[in-house]
Each structure stands twice: as structure tokens, then as C-alpha cells.
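Read through the structures below before going on.
Each of the next two complexes has chain A plus one more chain, namely chain B in the first and chain C in the second.
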Partner chain A sequence: MLQDDCTPTHIDRTARQGWLRLLSHAPLDLLECELGALTGPHPQWLRRPEIGLVMVQGRIGGTGARFNLGEVTVTRCALRTDPGRITCREVGVAYVLGRSVRHAELAATADALLQDPLTRDRIPSNLLDRIAASLDSEHAKRRAQIRATRVEFFTVARESGATDAP
Partner chain B sequence: MSEQTLDLNLQEVGAAFSDPVLSSQAVFRAALAALSRPGRIQSVPHDAQQPPGATPAAAALLLALLDPDCTVWLAPRLAGGAVSAWLRFHTGCRIVSQPAAARFAWSDADQLPLLQQFALGSEFEPEISTTCVVQVKALDERCGWRLSGPGIPGRQRLAVAGLGAGFLAQWQANHNLFPRGIDVLLCAGQFLAALARTTAIEA
Partner chain C sequence: MYVAVKGGERAIENSQALLAELRRGDPSVAELSIEQIRLQLRLAVDRIMTEGSLYDPELAALALKQASGDAIEAIFLLRAYRTTLPRLGYSVPLDTGKMRLWRRVSATFKDLPGGQILGPTYDYTQRLLDFALLAGTPVPPAPRLPADAEPVPAVLDLLDQEGLIEAESASCGDPEPHDLTREPMRFPASRAARLQNLARADEGFILALGYSTQRGYAHSHPFAGEVRFGSVEVELVPEELGFAVSIGELEVTECQMINQFAGSKSQPPQFTRGYGLAFGHSERKAMAMSLVDRALRAPELGEAIDSPAQMEEFVLSHSDSLEASGFVQHLKLPHYVDFQSELELVRRLRINAVQQDEPT
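Here is the complex of A and B:
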């Protein structure tokens, strides 16, 4: 597998991975509200938004051998920001789960602006924190829903070597 | 699969075709026409932003033909510039350092290695030889060499500016290897002409 590293040297790679993760998981309406005004009608596409499939691999228990879990839909794009709106030297890249072309465009625009020290302050300073908070609350809500269905098997004691009961 | 991390500087990378499907098909059609009528000049108009040092026709050809399964050898001048990042970003191809390991080669005429250094294919798989995309100064089908062979009714003239003096002898050796041997696509500006391995050249 060839993995190209396209992070410019003046950017901390881990930091960029962090914001790319947040941007790709962020709720679309939040991105649209905070970043919508920063995208112009004519972004310079390096790669127009395209929808494809990515194979997700998993490991049983996190330790077993890799197996193919299934394919997920991913939208990706790469762009330079619309020079009519903002001048930014960097190329923004986005890979977003799902089929939302607009989400990919917004995430890539934010990525470009965050990489260039001259444009970084165009992104609301608390945006990434708000995305993280929103993801945390979503996550907590989902955990609570799942926890409600939890079943404790008090009576079934597993013996070593026995096969799993259905 | 071996995992490999390569630096890819996107700052210099330009855009590819604005309509990837139709443009790739048009370029493929031109390449097909060129290879089936060796020496006949084809035009390859396109709207991709080719990297500095690249001839428009050559850039369009490789953009349309390459995919992640392809290995590409770049001549030193092209390998040192923005060409490599541009190709890898848009096509996902693998750049190799040995001409003999490459399915495609991209070179300026003055940096073209001996043709026999490329992969020549085998008797069983003659199709796995290298396809060379060579950037030349100019092409003219009104004078120059006399070409003959499959795809050429009678004689076809072709003048190529920029190729080294030893090319004809190397081409003769390549031609004699049939069914093995390489095919060459000559590019100047937005024009291209092909030399298939079956094409015989008289000076």
C-alpha cells in the first residue's frame, strides 16, 4: 500500500491529523454555518469531489488477524480556495464518510486555511473545540442508548474449554 | 503489499482534466489512432494544468493511461521537478528508478536512455514491454524519415526534431526483436505521433 504524505513540513502532522478527523466527523450544519461564507463559487479543484468505496478492515478483539469488515462510502476532494474569496497558498484535502459533496468541500477548505499561518485566523478559533464537544455528546448519547440494552448473565459461568452457548 | 510513505508536495500540483471521463476517452482515442497509424500526427487538446517541463500531449497521455497498477520511469530532469508529485497525485502510479522495471517511461528526447534498457517483453508476454512517451522539439509529416509497416498504406513521412543521432540504429534493433520490443509515442506541443515496434524506418 502506498501512502503519500502530503503534509507540508511546517505543519505538525499529528495536529493536522487531529483537525482532519474532527472536520470529517463534524455535523454538516455546524460546518455550513461556520465555514459556508469562506467558500466561493469557484474553488480551484485539484480533485473534484468524487464518491467511492473504501474497504474497512477490523480485528476481532482488536488483536486478531485482519479481516475485511465491509465497504463504506467515502467522498474525497482536494482544492485550493477560491481566490475571489480568500487567498491561501495551501492545498486542502478531505476524506469524509458518506456521500456529501458539500461536506467534503467545507472540510477541505478548512484544512487549507488551517495549514496557512496567514489564513488560520479566518477559521473561528473555537470551531474545532465545538466539533469535539458535539462529537463527545453524540458519543455519550449513543453509549447511553446502548447501555440501556445491556444484559448481565449472572447464571452462565463459562468453563474453560467449553464451547460458547448460543 | 509493502507499505511505503513518500513525501508528496501538493503546493506545486496543478489540476487534472476538468472532465476526467470525456477527456481521458478523447486522449485514449488519440493514442489508439496514433498507434494504429504510425507516423500520422494526432492532436490531443485538453484542459489539464501540466507541470513545468511537461509537454501538453505527453502530460495528457500519461494522465489518461496510468493507474495505480502502473509503474513509471521518469528521466532525471522530469523526476527532479514537479512532474512526479503531479503524476502520483492524479493517477496513483508508482515511480520506479530502473527503466527495465517500468511499464511506461516519460523522457525528454535528449535524456532518453538506450531503447534496449527498457523492458522489452518476452516471447510469451510481448505486451508487458515499456511504452515510452518521448518529448521532442517538433514533429512534421511532410518530410524526414520514410516509415513503413502495418497501419501505413505505402509510405509515411515523419520528421522528428530533437532525437539523438543513435536513435535510428537503436530503433532498427528494437524493430528486429518483434514480437518483443517497445513502442514509442513522440510528443511535441499538443501533438503526438507513434512509432509501433512493427514500424520500419528508413532515413
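Here is the complex of A and C:
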């Protein structure tokens, strides 16, 4: 049974959005290390890995009408896991910024396994937390770096009666 | 009319081999890696992505290496590459209000939620050559201070509670904007089409036009309401899923310029806005873009059009470095037949002139 968005009904859409985001944002070496062994040589491709372009839109003034800013490279794929490795009923989907076919395959494999209650425990239980922690630590580092550059400018007002006044 | 030439294959091949050898330079010196270019020449990479209209730092760095550092040639390479890829769709519009900042300053409001953040900037450097870089001295890590995550909303909307600054909101139905990669520019152009053109326009051209508006060649009295640079998440709605997912982050620079506006019969005096948005850390480009965006709004605001930066067809038709560079540089290609026919023409005119001058 599928919801209208092709997510199985037992999966909370928000939860799936959450892990798809983390899998796309994750460093590739972390995914390779944790998920590499779960991919086999013969995944069943519903959509083979494909590199393409997505036109990024902005909004005029940040909040106004849309306009087209420019494109980004994106890699996508959809698969069922290699039955020689793991049997999983669900279809995994990945859309990842950039041109890493391997990143897309690893992310789609994890997406499939996470949707199926029988395979979910094949994903290391703390993987998503570790991805989030890795991103958080990058974010915290930047916050600390820019905090040191926060500036208070003083307005230098001319004192009344200054002798060099015109 | 241009008459084509053929032949020269061997010389062209050899020329390209010579180019490759000169590009590599002395083989006893280490070769530049793409990673080095991407990380150590990031502002050049950002410009190539912005004007190449394709965000992919690795490919932009490769283009810069292949072009021996010629930005416009590298932009050409990136634009050519993009034509080889399928279009998968459009993103959800970026939410620059949720930017994870590297930098954010306002020249109009001193006290902002989140503060004025200089971030990494050349603004206050003294422009003295740093001979430590010549010597390759290790760089100490920059200072850090403890900081909590705090939202940094766009200042214009936040601080203009009197409504003195024009508001920007999506029109009814949030219509799909013109896409110059699909349909050619038409005049008069929508503001969305103008911004797409300006976003990928040559920085030098836009900078000069923006400068001209400050020097009096348009009715412009700009203030930098906010300039911000940082990372934003890209979201799209995959056709397989039907809901939005975040697929990664890209860096952008945004400029909100505020300009005086005297008002019209239907509108009271207020500040109007110009907008700039560019890939990567591209402040000069984003600021110049916002000045030109504002100047090009002259007809909408009922302003007299008497300066180049206000002339939509002039600005938008000459802003693209690919078209400009291609047309200027094609003059180097053989024009032997054209020139021969012009020579003939001039000879005939001279003979006729001499015959007419002779007394009969």
C-alpha cells in the first residue's frame, strides 16, 4: 500500500524527508564506510544513476516573485537492493547535489532499507545521528569562527563647538 | 557575408599541443591539482560558477585550469558542458533568510539581530602585498568565540516597521518565471528575466554600469541595506516522491540595495529596492547587479530613461561574456574573401573618383 507520494503508509513522510536530507548532505566517506558493504554488484535499477541539471530559483528581494538564478549538477537514481546481498521490498530513491554516482547509490540503498521494517536494522542504528553530529560540528565551527568577527561600529559624531567646523 | 575557410588541420592540432605544453609550464614545477584550485582560488571558482550559470566547484576549477586562468574562457567551457546534461527540473526557491552565514553586514542599520558579521573579507585589508605568502609560511587558525545558533532574519523586512521601504512579496499564484535557457529574451523583459540575465552577466560590464548609476547616469542614491554570504539548502520535489527533499547546500551572496524614490501620483515617497544574488562569494557582482536591477526598473517607477544603465535592451543584450567575447574575437578568424571584395570596392570607387576629377 502506497501513499500518493509513493512512500509506504507505515513510513512517516517527515521521517523519510529527514533521512533523505541527511543521506544527501552526509560526507561520502562516512556513507562508504558505514553502508559500502550493503551494496552489491547487481542492484535492480528502476532509474540508473543519472547526472543532470536542476535550475535553482531565487526570489526577488528574497521574498518576492521567483526568478531563475542558475543551474546545479545533481545525481539521482532509484533502485531495489541487490537480492544477492539483501532482500528488501522497498524502492530507494536518491537525489544528491553534485556528480557522485556512488553517493547516490549509497543514499538510495539506505533509503530502501530504512523503509522496510525487516531490513531497517541493517543500517547502523546511530548512522543518522552520526551524520547529523558531523554536520552540526561543521556548523558550530563556522559559528565560532564568524562570532569572532562580529563587529560593533561606533558612529563618530562631531562634537558641538569643534574648532575645525566650517 | 562571412565565407568559410577549410584546411589547416595539422597546424591546429599542433597549436593545441603547444597550448597544452605552455599551460603545463615547466614540468619540474609541481602541477596544480583541481582540489588546490577549488580550495585556494575559491573566488575565481565562484565567479566562473556565477557567470557559467552552473554551480559545481570541481568543474569550475577544472575549467579554470584548462583555460590557463582565463575566467571568460573558463565560463565558456562550463556553459558548453551544461548543454551536454539533461534538465531534471527546477528547485524550490532558495530561502536566503535561512542562510547559514559566513558574513552579513548592513550599511543602513547598525544594530541587528545576529549582529554585523564581517566574516572573511578583503574589505578592511590594507592591500599591502603579503610576502609571507611568497615564502609559504603556515597559516595559524583564525580565532573562535563561543556562539549559539541564532536566527539572522533579513534586516529590511525586520527593521522597516513604518513601511518606508517597498515590500517584496510573491504575486498571486506565484507564477513560473521566464527561463532564458529555454526561451530567448524578449523586450520589454520581466524583472525575473532581467535578474536571470544579470546573474550570469559579465561582472566587469555590470560593475561599470552599476558604477555609472552612482556617478549620476541614473536617478540612484543607493544604500547597501544588507549584504550576506553563506550556505543555503537546495530543495526539490522529485517526481518519484511528490514531496520536497533537501539535496545539499550551496553558497550564495545576496545584496539588498535600498534606493530613494521621490514618489509618483499613485505612490507616496518611499525607498525602493534593487536585488542581487550570485553563486559563491561574489559580493562585487551581487552589489553591482542590485544597482543595475534598480536602474532597469525605471519604466515601472515612472522615471525618465536617459542613461545607459536604464536602457534594458542595451544592458541585457550586451551583458553576456560568451556572446560579447565570441563576436569580438571572431574578427580574428580568416575574413580573406570579405576583405578582398571590400578591396575591390574601394579600388573601383577610387578609379571613379579620379575619372570624375579629370577635366573633360
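We adopt the following convention: the second predicted complex is superposed on the first by the 134 of 166 C-alpha atoms of A that agree within 3 Å, B and C clash if a C-alpha of one lies under 4 Å from a C-alpha of the other, contacts with A are read in each partner's own complex, and residues count from 1 in each chain.
Everything below uses one rule, namely that a contact is a pair of C-beta atoms (placed from the backbone, for glycine too) under 8 Å apart; a residue touches a chain by one contact, two chains touch by 3 or more.
Source: prediction; values computed, not measured.
By the touch criterion stated above, A:T87 is placed in contact with neither chain B nor chain C.
In the superposed pair of complexes, A:P8 makes contact with chain B only, with no contact to chain C. Of the two partner chains placed by the overlay, only chain C lies in contact with A:S24; chain B stays clear of it.
Contacts of A:A78 after superposition: both chain B and chain C are touched. When the two complexes are overlaid on their common chain A, residue A:W45 makes contact with chain B while staying clear of chain C.
When the two structures are aligned on the shared chain, A:I60 is found in touch with chain C, with no touch to chain B. With both structures placed on the common chain, the touch criterion links A:S137 to neither chain B nor chain C. More chain A residues lie in contact with C than with the other chain of the pair chain B and chain C.
Applying the stated touch rule to the two superposed structures, the overlap between the chain B and chain C interfaces on chain A comprises residues 4-6, 47, 78, 91, 93. Those residues of chain B whose C-beta lies close enough to touch chain A in the complex are 1-11, 13-16, 18, 20, 68, 88-90, 92, 94. Within the complex formed with chain B, the residues of chain A that make contact are 1-6, 8, 44-48, 78, 89-91, 93.
The residues of chain C lying in touch with chain A in their complex are 49-50, 53-56, 58-59, 82, 85-94, 96-97, 100-103, 110, 115-120, 142-149, 154, 156-157, 167-171, 174-181, 191-193, 195-196, 199-200, 233-234, 236, 238, 240-250, 252, 254, 256, 273, 275, 277, 279. Against chain C, in their complex, chain A makes its touches with residues 4-7, 13, 17, 20-21, 24-25, 47, 50-74, 76, 78, 91, 93, 95-99, 139-153, 155.
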